[in-house]
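Here it is: the structure, laid out below.
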Amino acid sequence: MSGTEAERGDGRGSGPGAPVTSAELLAVVASRELASRRAVFAGIGLPTLATELARLTVAPDIEVVYESGVCGAHPSHLPETIADAVLITGAEAVLPMPALFGSVLQGGRIDVGFLGAAQIDRWGGLNTSVIGRWDRPSVRLPGSGGAVEVMANAREVFVVMRRHTPRSFAEALDFCTTPGPERALADGVRPLGAGVTRVVTELGVLARDGVGDELRLVAVHPGVTVEQVRAATGWDLRTAGTVATVEPPGEAELRLLREEVDPRRVYLR
Amino acid sequence: MSGTEAERGDGRGSGPGAPVTSAELLAVVASRELASRRAVFAGIGLPTLATELARLTVAPDIEVVYESGVCGAHPSHLPETIADAVLITGAEAVLPMPALFGSVLQGGRIDVGFLGAAQIDRWGGLNTSVIGRWDRPSVRLPGSGGAVEVMANAREVFVVMRRHTPRSFAEALDFCTTPGPERALADGVRPLGAGVTRVVTELGVLARDGVGDELRLVAVHPGVTVEQVRAATGWDLRTAGTVATVEPPGEAELRLLREEVDPRRVYLR
Amino acid sequence: MITPHTEPGSAVERTTPGRHGPDKVTSMREAVAAFVHDGDTVSLEGFTHLIPTAAGHEIIRQGRRDLTVVRMTADIVVDQMLAAGCVSRLVSSFVGNSSAGSLGELRRRIERADPEPLAFEEYSHYGMVCRYLAGAQRLPFYPLRSYGGSDLPSVNPALRKVLSPYPGPDGEAEEIYVVPPVNPDVTVIHAQRADRRGNTQIWGLTGVQAEAVFAASRAIVVVEELVDDDVVRADPNRTAVPAHAVDAVVVAPRGAHPSFAQGYYDRDNAFYRAWPEISGDPARLREWLAEWVYGTADHAEYAAKLGEEFWAGLAVGEALSGPVDYGRRL
Amino acid sequence: MITPHTEPGSAVERTTPGRHGPDKVTSMREAVAAFVHDGDTVSLEGFTHLIPTAAGHEIIRQGRRDLTVVRMTADIVVDQMLAAGCVSRLVSSFVGNSSAGSLGELRRRIERADPEPLAFEEYSHYGMVCRYLAGAQRLPFYPLRSYGGSDLPSVNPALRKVLSPYPGPDGEAEEIYVVPPVNPDVTVIHAQRADRRGNTQIWGLTGVQAEAVFAASRAIVVVEELVDDDVVRADPNRTAVPAHAVDAVVVAPRGAHPSFAQGYYDRDNAFYRAWPEISGDPARLREWLAEWVYGTADHAEYAAKLGEEFWAGLAVGEALSGPVDYGRRL
């Protein structure tokens, strides 16, 4: 419900030697960023793939907390929504919404929150409300859901953006639904987390350190140039010293993803 | 825990024609005041007797809500505390404390709250904190418990005071733990209920109508004079027009109380 | 003689006759007729789970107008109520068809005022939760660590700030956003089971249903099953809503479709995926309402029309909780 | 490379290594040694039900000093900790021995500073609940409709007022009292059961235990029974405290005596009635501590010393909740 859910995959198969898809690439790169993280607040779709892969690789103690109230899910099937019945049956805890949002999220117990957006700016501010003017939008988007709360309260936020275009990586958001900590500070409200620290896209990885820092390009996927990423970004994107090249998904990662995490390719479209 | 719990009775028997004890008198008079009331917030002891008797007589739909979280108790035995296990087993609902105090009590769903106190003043203010100075009291009493909340939020409050003396019916409280609505208003806080509307004592019944009204003597027990009550009261007690004489407990009331409500005389000391 | 001091319209007056009566079971038709009026503020809660669709459909059938609908996730049932012309104002924190695309009518109303404008109050999820908490607890406001720097306060003047009377961690003054209470005229929830008095038990995702009921002047609980008092009393911790907060109990099995009822039937994901196409075309949406809502007398007919084969596809297997021992005095 | 922005001592840092580790089961001795330190603010919650007495006794055995104890109903276990010299400050809303008379040591400390003064912060029950809520929710304050006109704010400067940014029902400005958060260094609760990771299930009176745990930097859960993961996972709605909020799980059957554990054993009302006489005489109280706390190595020895005949007197019969069906996908 935080704009991060994906639609169903088309279910087509993918052999062990098949070329790496965009979803696979994003999931693998995001999973690596979860090394040693524990409590992750995530929606369904790419975050599901990333966190499940991380559990099998770099973050064995990872726990996904769902906005719907589920902690410690042990689903029998890959969940299709954050409230899927399979997340509830067999879970370790299902909390009422006031406890989930109040005590768990706002209480400061989430290490990483996953968010998506229609637009992101250089400070990691997100728009999930409207394209155009709020009171007469050209496109009405779903709105915040819990994104405002995830950004304000998770220790850090990862954003996965499939499309990397100047319109989605915007110099100015049409509407700032979910601000980064700089805007909160300017509004006189203390930011409690670092805001967006990682943005994984089809072109590479952007990162920022915390309050006062803007998103910089830290890595590109193999075959992608820094200039390509800068051209696809609506603001004057700076780089973090030398830009690394993302290590392509390894055989083990792909095997786990394809055979263990999402064998029916629900999200691995 | 609101200062209304009684200790165990001594278990001595009482035949059908036995003289009416003080506890029986107070319980019967208080039960009559509950006519047509529904949600009652009560401790254990005399309020238990009064509400149970009221259920069998003038208020068949009465429900006792306990500060511990219990709604709609169906106890197998007379409860000995507001948290007695017999109140939980077979109850209709057991709520966490934030819901009980927040949504039920402060939410405005209680018709009558029962409170006791070491001291009461003419406005129905109550002291359950100290005798003497707060910071070096001669007697440290238990304190508010939930009494502050009951007074602020119940539609009206009944007080049962076994002893009626100038020290307990005080011109000035040693400490106002639990204020009536007049004091709340003077503090700039809107009173939500009427405060104390009924005080049942060993001598008679005092009543007040609501904000701005002080407690007046409305009835005396048979054989008690208005002057006796005035002499036992620490302030210049006024009367409400003609002072009635309390109808003595009827045979049916006594039979129900002795045979149905508290046959083991746990509270009917 | 004793006149309790209550202000007109104050929440204290919610303790109305009938609340504690022993039997509140009624039909959906009667419950909606008695408790949902034109112009009311109506909360329909259920976070993906236990969405009170059957009640929404009956509100459509009875032609309610000018409602303010309060619902965290305004999804298919809200789109349907919008299309039926019941709603003039929407208060919500997520206006989308879950993960399965758009709400056609809602987008037309907001993007093009077609066929008429929709007043929209936009919150975040926790902002809505806090509005219910404030409403349930009769608080003038509820504080939350959201909205700092967001554009939402610029389009929603109900989002305001309060200065904390305590110094912040750095010793400086601290400001925090607050939301106002919401006190619906009526809240409708769907639940797995209740007794005749209205003691309501919910499991799986319990969302914000209890708070939405406590915040309201009146409450309708729609259930999959009416159960004996003993069933409820065998597990009082399972009771999310106590009887004294409930005005009507309506039995409507499968009444949460296309959402799900944990342990009863699964979510109809295909319907969610189909909705963007249905709702994207006003004519098709009208036809859908004509066939499935106006064309059915009640929810039992709607459920029967879907057919037993359909319901078999949403059937779930058994996964019983173990018991706990409440103990009894010997 | 990425350094999350957190202030020193901020609540964000509570997510410390070990919280999510798979096995948190340890002995009471180790849990208290590791997580309760001299000078700490220690919350012990349990409203009449599930009072963490065994933990209080181990704190006494280990000779902790200068504790600030936070407990809504400061009753026998607090009186014992006071008598053992562990406590310099008490934060509470009810300082009495339930309905069974006085707490001797507490009264001597407050009334006569005998043998030493006790700093006391007095609240009401809901004031304490709201302090835990604010602490759990990382709020700067929590509003409540209490304290207007009370003398409590005159002796407790933490009770302050806030002006609502919304007009009251009469259109005028509205003030409301607020309480500050409490964030204990450690919270200790007693529960019926938990799994090895710390998922904790409580039934019967659940009080404010979950909020007290969420408000704390560290949490110890003492249980009647350690259960298999499957037992917990068969009923996830019963989990009051999720594993990620728990640091240590201690198994101490009968550890709530003289209070009770719903479904396990009843309350020892005779001991409550005996306490005023024991605690009324400092010498007798010292003897009691010497025999029952210092004289027992741990709670197992304390419970054994009471004897099986004694425990038979508090035994309860069975009253099983019925199951609910969570369902499984077919």
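Order of writing sets the labels: A, B, C and D. Residues in every chain begin at 1.
Everything below uses one rule, namely that contacts are C-beta pairs under 8 Å (C-beta built on N, C-alpha and C of every residue); 3 or more make two chains touch, one makes a residue touch a chain.
Computed from a predicted structure; not experimentally measured.
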Pair of chains joined by more contacts [C-beta pairs], B-D or B-C:
B-D
Most widely separated chain from chain C, with each centre as the mean of CA atoms
B
Taking the mean of the CA coordinates per chain, how far is chain B from chain C in Å?
38
Counting in whole Å, what is the centre-to-centre distance of chain A and chain B, each centre being its mean C-alpha position?
57
If you average the Cα atoms of chain B and of chain D to get two centres, how far apart are those centres in Å?
29
At which residue positions does chain C touch at least two other chains?
10, 133, 138-139, 144-145, 161, 168-169, 174, 176, 204, 206, 210-211, 234, 237, 262, 266, 316, 319, 326-329
Can you list every residue of chain B that touches 2 or more other chains, as numbers and ranges?
70, 85, 88-90, 94, 102, 106, 153, 181, 191-192
Classify the inter-chain contact topology: is it line, ring, star, complete, or other?
other
By the document's touch rule, what are all the touching chain pairs in this structure?
A-C, A-D, B-C, B-D, C-D
Would you tell me which residues of chain C are touching chain B in their complex?
1-6, 10-12, 14-15, 19-22, 133, 136-139, 195, 197, 199, 210-211, 214, 229, 232-234, 236-237, 239, 241-245, 326-329
State the interface residues of chain B toward chain C in the complex, per the touch definition above.
38-39, 61-63, 65, 70-72, 74, 76-77, 85-86, 88-95, 99, 102-104, 106-111, 153, 155-156, 181, 191-195, 197-198, 207, 209-211
Note which residues of chain A are touching chain C in the complex, please.
1, 5-8, 44-45, 67-70, 80-85, 88-90, 94, 96-98, 101-102, 105-106, 125, 129, 134-149, 152-153, 175-192
Chain B contact footprint on chain D (complex, rising order)
47-49, 73, 92-96, 98-101, 106-107, 110-111, 113, 122-127, 129, 133, 144-152, 155, 161, 168-169, 174-177, 204-208, 210-211, 260, 262, 266-267, 269, 273, 316, 319
Which residues, counting only chain D, touch chain C once they are in their complex?
7, 9-10, 138-145, 160-166, 168-170, 174, 176, 178, 180, 192, 201, 203-204, 206, 231, 234-235, 237-238, 262-264, 266, 315-330
